[in-house]
Structure formats: structure tokens, C-alpha cells
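Input: structures, listed below.
Shared between the two complexes below is chain A, which has chain B as its partner in the first and chain C in the second.
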Partner chain A sequence: MGVKKREKDFTVWERIYIPEIVKGLSLTLKSMFKPKFTMKYPEEKFIPSASYRGRPVLVMENNGEERCVACGLCSRVCPPLAIEVQASETEREKERYPEKFEINMLRCIFCGFCEEVCPEEAIVMSKDYDLAFTNRADAIYGKDKLLVPVNQLYDRIEFLRQYK
Partner chain B sequence: MSVLEIIVFTVVKIVLILTVMLLMVSYLVYFERRVSAWVQNRLGPNRVGWEGVLQPFADVFKLLLKEDIVPVKANQFIHTLAPVIALFVAFATYAVIPIASPLKIFGYEIPLVVADVNIGVLYVLALTSVGVYAITLAGWSSGSKYSLFGGIRSSAQMISYEISMGFSVAGVLLFAESLRPIAIVQSQGSWMWNAWIQPIGFITFVVSAFAETNRLPFDLPEAEPELVGGYHTEYSSMKFAAFFLAEYANMIIAAGMIVTLYLGGYNLPFFNIESLGLANWLTVIIQIGSFFIKMGVLLFFFLWIRWSLPRFRYDQLMSIGWKVMFPLSLINLIWVAVLIMVFNL
Partner chain C sequence: MPKFILDDKEIEFTQGQTIIEAAKQHGIDIPYFCWHPSLSVSGNCRMCLVEVEKMPKLVIACSTIAAEGMVVHSQSQKTIEARNAVMEFFLINHPLDCPICDEAGECKLQDYAYQHSVGESRFVEEKVHKDKRVPLGPLVMFDAERCISCSRCIRFCDEIAKDPELTFIKRGDRVTIVTYPGEELDNPYSLNTTDICPVGALTNRDFRFQARVWDMSDTKSICIGCSRGCNSEIWVRNNEVLRLTPRYNEDVNSYWMCDHGRVNTYKFINAEDRVKGPFIRKEGNLIQVSWEEAYSQTASKLKSFNKDEIAFIASPFATCEDNYVFKKFAQSIIGSKHLDFMRHVDPNFGDDILRKNDTTPNTLGCELLGISPNKSGLNLEGIFNGIKQKKIKAAYIIEDDLITVNPELENIFTELDLLIVHSTNFNRTTSIADVVFPSATYAEKNGTFVNFQGRVQRIRPAVASIDVDRAVDGLSLSRLDKFGTKYDSWAEKNKRDAKSSWKILTSLSAFFNNKFKFNLTEDVFDEISKNIKAFNKLDYDVIGEKGILLENINKEQSIKV
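Moving on, here comes the complex of A and B:
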């Protein structure tokens, strides 16, 4: 009846301990000269991929008008009730535009439901992630901050067309 | 030299050593953080000043502004006394470590050590033993069980490791035939370092030094996962900073003692600087440089070990101390005695 050798039994070489310490030390010395994972944040920034959900923005067409038709679906679907839309009519027949479009960035949870529900691809999640405000009023983003030219958003729109 | 001159020189030396020590301690903390970051592929503190070189000052400033909290159950007097003992011991020990051969200036010959006492090694051993009191008292007076565990562990650990440390030092003393640190340095010369002659004693001394300074892999008194913060759990503000500084100052002393006892002190390796016949001040500067470079390498080794090895279990620590380190240091002592007998050194 042989005694089963336990897995944690050390060999004599390991029990001398010093060679094993040297092995461990050489490992840490090697990793000391490996490239670092940390970024020097304000100087170098992380560029997210298209699947990243940054702050939601409104798509601005090349002629300077928003795509949004003020249907209010995003406002309805928004779980934390962060979006407020007020519709108004354009001169063109049967068309509406948002007179007021506000997202409270203190409420927004970056779930992306608004962009999912939008029938016009008018609201999408951007790659913007460094948001900071010094007071509550600053945190309410109006149309001036939300409108972003469409050519900056092709990445995300392409992604949405492929996977949505 | 008159008494007045001796006093003036001593005070100047004390002030210089204290300043250098404090700077070294604060930058050791900085390098600890940087080295740990490098080992873990991070960057470490690099915001305050160029590459974060002003970080230690920012840290101390922050700690100064913190509220000093004393627990209700704590013994007020001892709770305050403990960090004072820790700091005193850490800085007083440095008085006997020589950093270069005597400097001849303005017709005086100044030994570059604060106190050239003939029982220097004993003095260091005695004071580091007093250092245990700081930790034990801190743990005991805090009125918290985790602090108490830390204090008790510390005293048990230090008593066990002091024995192997003492026996390793005895080997050095046999060679040097003196307890004077300067005599020990001179006896080693430029190539006959004790580290080559008695490697076992060197290893046992270094391991014991790790245990004495509460550094990982032997930092059981402040084992974070088990004891919250160990003996200084209940300390805050500058009292905590005092323990923190004392720990790093102890590391510097341990490194200084290893250099003095085993690595030829301020001598250049394999090369006798005095044979060149350079001016006295040049020799002294080169020797100071060599001493601090040796110490720097050792301190880096301390940090490197800390971020490579996991902590020992308490029973493992004790069994290594008594069953491995103690016999090894005895073997080393016999080896040295045989060497001296055979070669009539």
C-alpha cells in the first residue's frame, strides 16, 4: 500500500528555498521592464471602439439641421427619465423638429435605450467619456452641446447598422 | 581637540545625518511605490513634480493635516509614547555606522561617524531590541485586539530572529576582533568581504534583518489581510507617519549594517582607493559614494523582495527562525572559527 504523494510536497531543491526565491525575483525583474498598462490620463487618452457607449448625442446633418423628428420615443424609453423633448413644426409639410432637447447627464445611466429605440438614427452614443460638472445646472445638456456633426459619428452608426 | 570643538563637530554631524536620513526615508517611500508599480506593470505616483519626485512631501503634508484620533479605550500616555520610541530608535541607531574614512580638514581629523564607540555593534543590537517595545506597546496600548495581535507577533518574531542575527554577527566579530564598526570595515579591506568568507552568515543575517525590520515576507505584525493594519491600526495623522517613517528608517539602518558588516563598508570593491594616493577629500567623497551605492542596491533588493514574495504563515515564520536560521548561524560561527584556526587569520 503505497503512500500517495501529496501535490504540495516539495522536492529537496524547492525546500532549499533560495533557488526558488531567485526564480521569483527574476520573474518580477523581467516584469519591471515590460510596457506599462497604465495611461498618463490627461495627456494620453483611451480611444474606445465603436461598441463603446459614451454620452448620448444628437446627429447633426451636413446642412446644420438635426435628424431628430421629436417623436419623443427616447424620452419615453429612458429608464431614469433623463431626456426631455419639446416638439415644434418646421415649414416643411408634416415635419417636426425638437424645439428643446435636454439630457440631464446626472441622471443618464448610459444604457443606450434611446439610440436603440430611435427610428431615425438621430440619437447615438458617442465616444465621449470624460464628463465633469461643477454644478447641477451645468449637467443639463441642451441642444447646443448635444448636436454633433454626422461625420464624427459614422463609426457608431455603422456599428448600429451591423449589430442593432 | 577641545571639548567645545568635539561638541560642535558632533552636532553638525548629527544634523547632517538626520537630514540625509529623513530625505532618504521619504524617497525610499516614493521608490517603494514606484518599484511596486513597475513590478505590477503600472506607472506609480508621477503627478507631483517631475515624475512625482515631490510626492513624499505631499504625503507628509497630507498626514500633518489629518485629525489625530486616540481611541477611548487606549492608554493615552503609552499610545503617544510608542511612536516616539519607534522614531527615536530608528534615528539613533544610525549614529555608529561609518560612511567614510576620517576627513582631514582645517587641521582636524574628523571621523565620519557620529559616535565612534568601541561597542558599536552591541549598541545597534541593543537599540533595535528596544524598537520591539515601540511596536509591542503600540499594539497593547491601542485597546484593540488586532493591534494587540500585531504587537504580540512582533515581539515573538523579533526575539526569535535576534538570536540568529546575534550568532551571524558573532562570526563577523571573530574576524574583526573588535565591536567597533570602523575596525570591522577596515578588517574587511577591499576584497575580503565577510559576504564572501561567510556566505551562510550573510544569508542568515539578511533574512534576520528582513524579520527585524518587519518587511515582507516577514511582515506579520502588520499583516493587512488578517490584522487590519497590525500594531498601527488605531494610529492616525503624524503618529501613524512616525511608525511609517520608523519602518523605512529601520530598513535604511538594516541596509547600512549589512554593508558595514558584510559588504566591506565604504571600501570600493576589489580596489584599494587609498593606494592611489588621491587627496584626502577626494578619497572621502569616493568612499561616501561607494557606501551609498551599496546601500541603495540593498534597499532596492528589500523593495524587490517585498513585491516578489508572499507573506509567511506565522508557524512557518517561527519554524524557519528556530529550526533553520538558528542552526545555520551556528554552523556559520563554527565555520568561521575553523577558518581562523586553520589559516591563523
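Moving on, here comes the complex of A and C:
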């Protein structure tokens, strides 16, 4: 009984080697003429669909005011405690507004719970995904960075109304 | 004792008790909105409906007197359906304001909507709209839409505050609460209405929108507004005190607390003018120095005076522990005979409800500890005269802003060669002091106060400082405190460099011959209980959450205060 040295012994065809190389090269050659999936980031950017969960943003109404009433539910539900809200009183009809609204983007895990819990449709996940910081302080996004005009967020809001 | 049966359990009750009272005593919760243990029975919310056998209809447990042999069902099909129906009625016109309502999180209507309601409304019509954001008084905001007309606030003003100011007007779904013409909800107890309001109709204007209740930690404490020593709770977020609420203690303050205690006794803790470390006057200016330098310089300055040239002024705002160590420092380390404290009596402050004329929390404590001059020592008046006559050249004052109370003292104290002050905030007294030590506020330390009845009560740290760590020293933690790291803006915020006065004095004693050996507040209290007769056999466990009445004290003494 001969001892089997390998899992599988090469056939003669395989041992000749050249045909296998030709097979490989022809696959490469075929792929060169297929459509490309890669992009030249950052010159070219990938625009995700409405279902994508990028960084959370606050919805800014057309009159420049935020929808958020600072109820604090997003902050409560946030698993990594990324959101800090300080409410305050305003003269507007909705008497409460966020004096401070900060998301620590180093903590954010893009889970989308904040968006899901929001009773006012005021915080939604955007399509922004390229976030880079050089220090901790830069990673804390205040209202200035979070507020995004509602007309840029229509497709996400539409998606939420359909699937939430 | 007579008995009746509630949910198949035999329950003992005293004659005249209602079903809800007897049930509560035995730990069975019958839901209610309008009933309050300290107020008269109104019976208008219908939430406490229960089934009593042999009665034709469901009855309200809050006004039905329990009777021998009664068989009551609080969990039967009929009662559950009735509760659901009552909740449905309440929710017809209650607005969906929870996201902007301060009561959210401690709202009875929210809780019961989960527990006793199927959570669906069959009402499709427009809700009734009423006035929102109506200031009923300087401290209370009213939202008529949220009101469920339980009348607790009205009954509170009539029965507890003894100042009828509120009433219902109109009927049916238009019913609302207003103040009487020309009146405002401005009695000295008005904020209690916001506590007893089961919904968010009455909210505290002082606290409005400051924080969500679930974001705060709460710590059992004592109000320092007067010698009643109302049991209170300190609510803290981001290491900042945001509100005080009363804590139930039938023997002291029942469920209540006055507005002065609630609004005016915490702001100085968060204030900007807190003393942020030890200060020593150099070339006319107060300069911040290290603790070591402050101790050694203070000690050498004190040593340069004759022991009879130094006067010690303790404080009824400080705890028993602070005053005891202060007295010990004065008598056994310095050997001075001049020791006294200033009483703060405001004849216009007290009333027949809770407030007392003595506006400090610990006057009786100071008396019991013997904060008074030795036989040949000088009392407060004597000390002031002594300063004028240059007999007293140095003074050591803890935790009392004497000059603001009596501005004439400023001229007297400037005569001193050395003025050492322990203070929480910069004030008129510190402005002429030579050494200022930062003392911890009542929300940053452990200790005890003795109220006017002779009841010893505990305070506990609610705010973390450099000296008191939130986790290590067992302070109550909010969710944010538990999971924060030092990189989070909220976690390390506002940690102040302040210490209890007894700790400062203990460290200072190391520079003299006779060093104190106190490590914990408990050590100080142990020594107090050994040395002071009134405190015999007491410790913090015995005092507990509700305090304990001192038995060994002269009754006249407590009445005098």
C-alpha cells in the first residue's frame, strides 16, 4: 500500500502548467473589458441609496429653524451615549428647543436608533460617510454641523415613512 | 383588628380607613390620580374604581370606608375594564406633548397609560384646545390642555398652604383652572403643586426644560433654608444641581417643602463665584496657592499670635462634624477660650406650616456641641468689642458670611491682623480675609444637622469634587455618570477643589503638636457620639434616611431655638 503524499495528486495536464496560466490570463483579459465597479475616491464619490445610514443630521426647516424639540429621547436611546442635548425655552409655538445639540462622532456607531425613536422626524441618517478628524474636539459635532436643510433630506424622510 | 378581603388576601385595617389607605399600607397599589394621602378626598378622577361584592356598581377605593368582612377585587375583569375606560377618557383630550413636557418620565398618566390602558384611542375628532403656557405665579407655569382636573393643586392651596388661590371654572371638557381674580399662585409653598400634579399641567418655572428626569441622579439630603430641615432630594446632572424636591418624612415636613428652600438654596453651589482652591492675601490681593502652602502659611501665621488673641466663630450653616472639629481645633490645638457662633433669626420668615424663624439648619447642633465661650472667654459681642479694643488680633471664621448679615462688622474685621475664613463662595467676608479655604457645600459632603425639634439628619454628597469621587465615594450615579469617560464633556465637568471644613482643619492640625486622626466623617461622628451626651450611641446607620430624634436633650433647649 503506497503512502499518499498529497491530498490530490496533479494530473499530467496540470503538471504541464502552461494551460493553467493561459486559463488565468484569459480571465484577466476578459475582466478588462467588463464594466468597472471601483471609483476614483475622493475625486469621484459614491452616492448611496436612501436606505444608507450615514452620519445623523438634524432637519432644518425652510425657515431656518430646527425641527428638534430637545425631548432627549435620541440621547436616551443612543447605545454609545454619543448624543448630548440641552433644552431651553423659546417664544415659538413649540416651546422647547435644543440650546445645545452635540453628537460625538467618535462614539457614534451609526445604528440609527436616534432616527427611529425621534417623535418629530427631526434627526435622520444622512448620506455622509467620509468623516475624518485629527483631534477629539473636532469629532464633537454641534448644531452648526448637524443642521441640514430639509430639501436635501427628502429621500431619506420618504424612505422612513415607507419602512419605519 | 377588623379585617377585609382584598384580592383574596385578608387585610387588617383600622376603623375609618378607606380601602385605598388599607391597601397601600399592605403594599397593594390601587391606581389613583386625585387622591393624596395628605389631602382631603375628592374622588373625581375615578381611577381607583374597585369591585366590592354585593355592591351594585364599582366604587372608588379612595372614599369607600373599609368595613369588616368586605370582599374587594382590584384585579377583576370588571375593574380592569373600568380602568381602561377611565384612561381612555383621560387621553381623549390630553395632548401628545410628552416630547416637550417636563413631567415626562415621572408622569402618572404616562405610567398608567402603560399599565392600565390598551393604548388605543377610538376618538378621531379634534382634541379640545385650551391655553398653554399660562404663568399662574412667579414660579409655576400652567398648561390647561394637559390638566386632568384632579384638583390636587386646588386642595393643596386650600388645605396645606392655607391660602386659597386656585379654582375650577367652566364645565365639561372646557373645565380649566384659574387663579381667583386679582390673585396669583404666589404662596410660599406654591411649587409643591408641581410635585403633586400627576401630569405636566403645572411645571416648575425655575427648573423648566433644564433636564430630563432620567438623566439626573438623585441624592437624599436636607434643606438648609431654615431650622426645620425639610428632607429633600438633590437632582444632579453633569455635576450640576438642577432642582430640589421634598422627600417624605411625616415627622418633619410630610410631603412638602417651601419655595424658598427649593429655589434659593442650591444656586450658590453651581455659581461662578465659588472659591476654587485655597487663597492667601499677598500684597493686598488674594492669590490662589497650593493646599500645602496654604496649610503651612496659615499654621505659621496662627502661631505668631498669643492664644488669647485668636477668636473662633463657628457656623450654624456647617455640619455638626465641622463644628465639632472646629471647636476641638480652637480649644485643644490653639487653646483659645473665645468661641461662639452667630444666630440668624429672621422674625418675618417663619409661619405655622413649615418655615421657622431660625434660618440656619444647625443652630441646635451648635448648641448641643457646646459652641460657646469658656468661662473667661468672650462671646460674639465680646469678640467684636475685643477686636475694637485690639485685644483680639486674629479671627477664624467658618462657613458664615458675617459681613453680609451685618455690614457694620466690615469696619471691625478690618482691624484684625489675621482673618482666616472657610467659605464656599467669594463674598463680603472673604473680600477682607487674609486666608480663604474653599469649603464644600452641603451638596458636596457627608455630615449631620440637628433641626429645631432635636432631630439629627444626614446630608450626603450629591456633587463630585476633587475631594469626593462620584464612583469611589459611592455617590448616586445617573446613567451618564456610570458610562462616561474623562473625554466626555459631561463627565469631568465642574469638579471643584473644595473640602469639608473638618478635613481642612484636620490637615491644618498636622502643623501643630496635637494632630487629629480623622479620616472619614464617620470618625468625627464617632467621637461626637462618645464625647457629647446628646449624641450618645448614635452612628450614621442609626440616623438612617429619616433621621432620629435626640432623646438626651433638654426639651427647653429645643423649644428656645
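In this section, the second predicted complex is superposed on the first by the 134 of 164 C-alpha atoms of A that agree within 3 Å, B and C clash if a C-alpha of one lies under 4 Å from a C-alpha of the other, contacts with A are read in each partner's own complex, and residues count from 1 in each chain.
Keep in mind that, in the parts below, contacts are C-beta pairs under 8 Å (C-beta built on N, C-alpha and C of every residue); 3 or more make two chains touch, one makes a residue touch a chain.
In this text the structure is predicted, and so the values were computed from the model without any measurement.
When the two complexes are overlaid on their common chain A, residue A:Arg76 makes contact with chain C while staying clear of chain B.
Of the two partner chains, chain B is the only one that A:Pro35 touches; chain C does not reach it. In the superposition on chain A, contact of A:Gly24 is made with chain B only, not with chain C. When both complexes are overlaid on chain A, the residue A:Leu153 reaches neither chain B nor chain C. For chain A, the partner touching the most residues, choosing from chain B and chain C, is C.
No residue of chain A lies in contact with both chain B in one complex and chain C in the other.
Within the complex formed with chain A, the chain B residues making contact are 35, 37-43, 46, 203, 304-305, 307-309.
Listed in rising order, the residues of chain C touching chain A in the complex are 98-100, 104, 132-133, 208-212, 214-215, 479-480, 483-484, 487-490. Considering their complex, residues 69-73, 75-76, 81, 84, 87-89, 94-96, 102, 104, 119-120, 136, 140 of chain A touch chain C. Of all residues in chain A, only 18, 21, 24-25, 27-29, 31-32, 34-38, 40 touch chain B in the complex they form.
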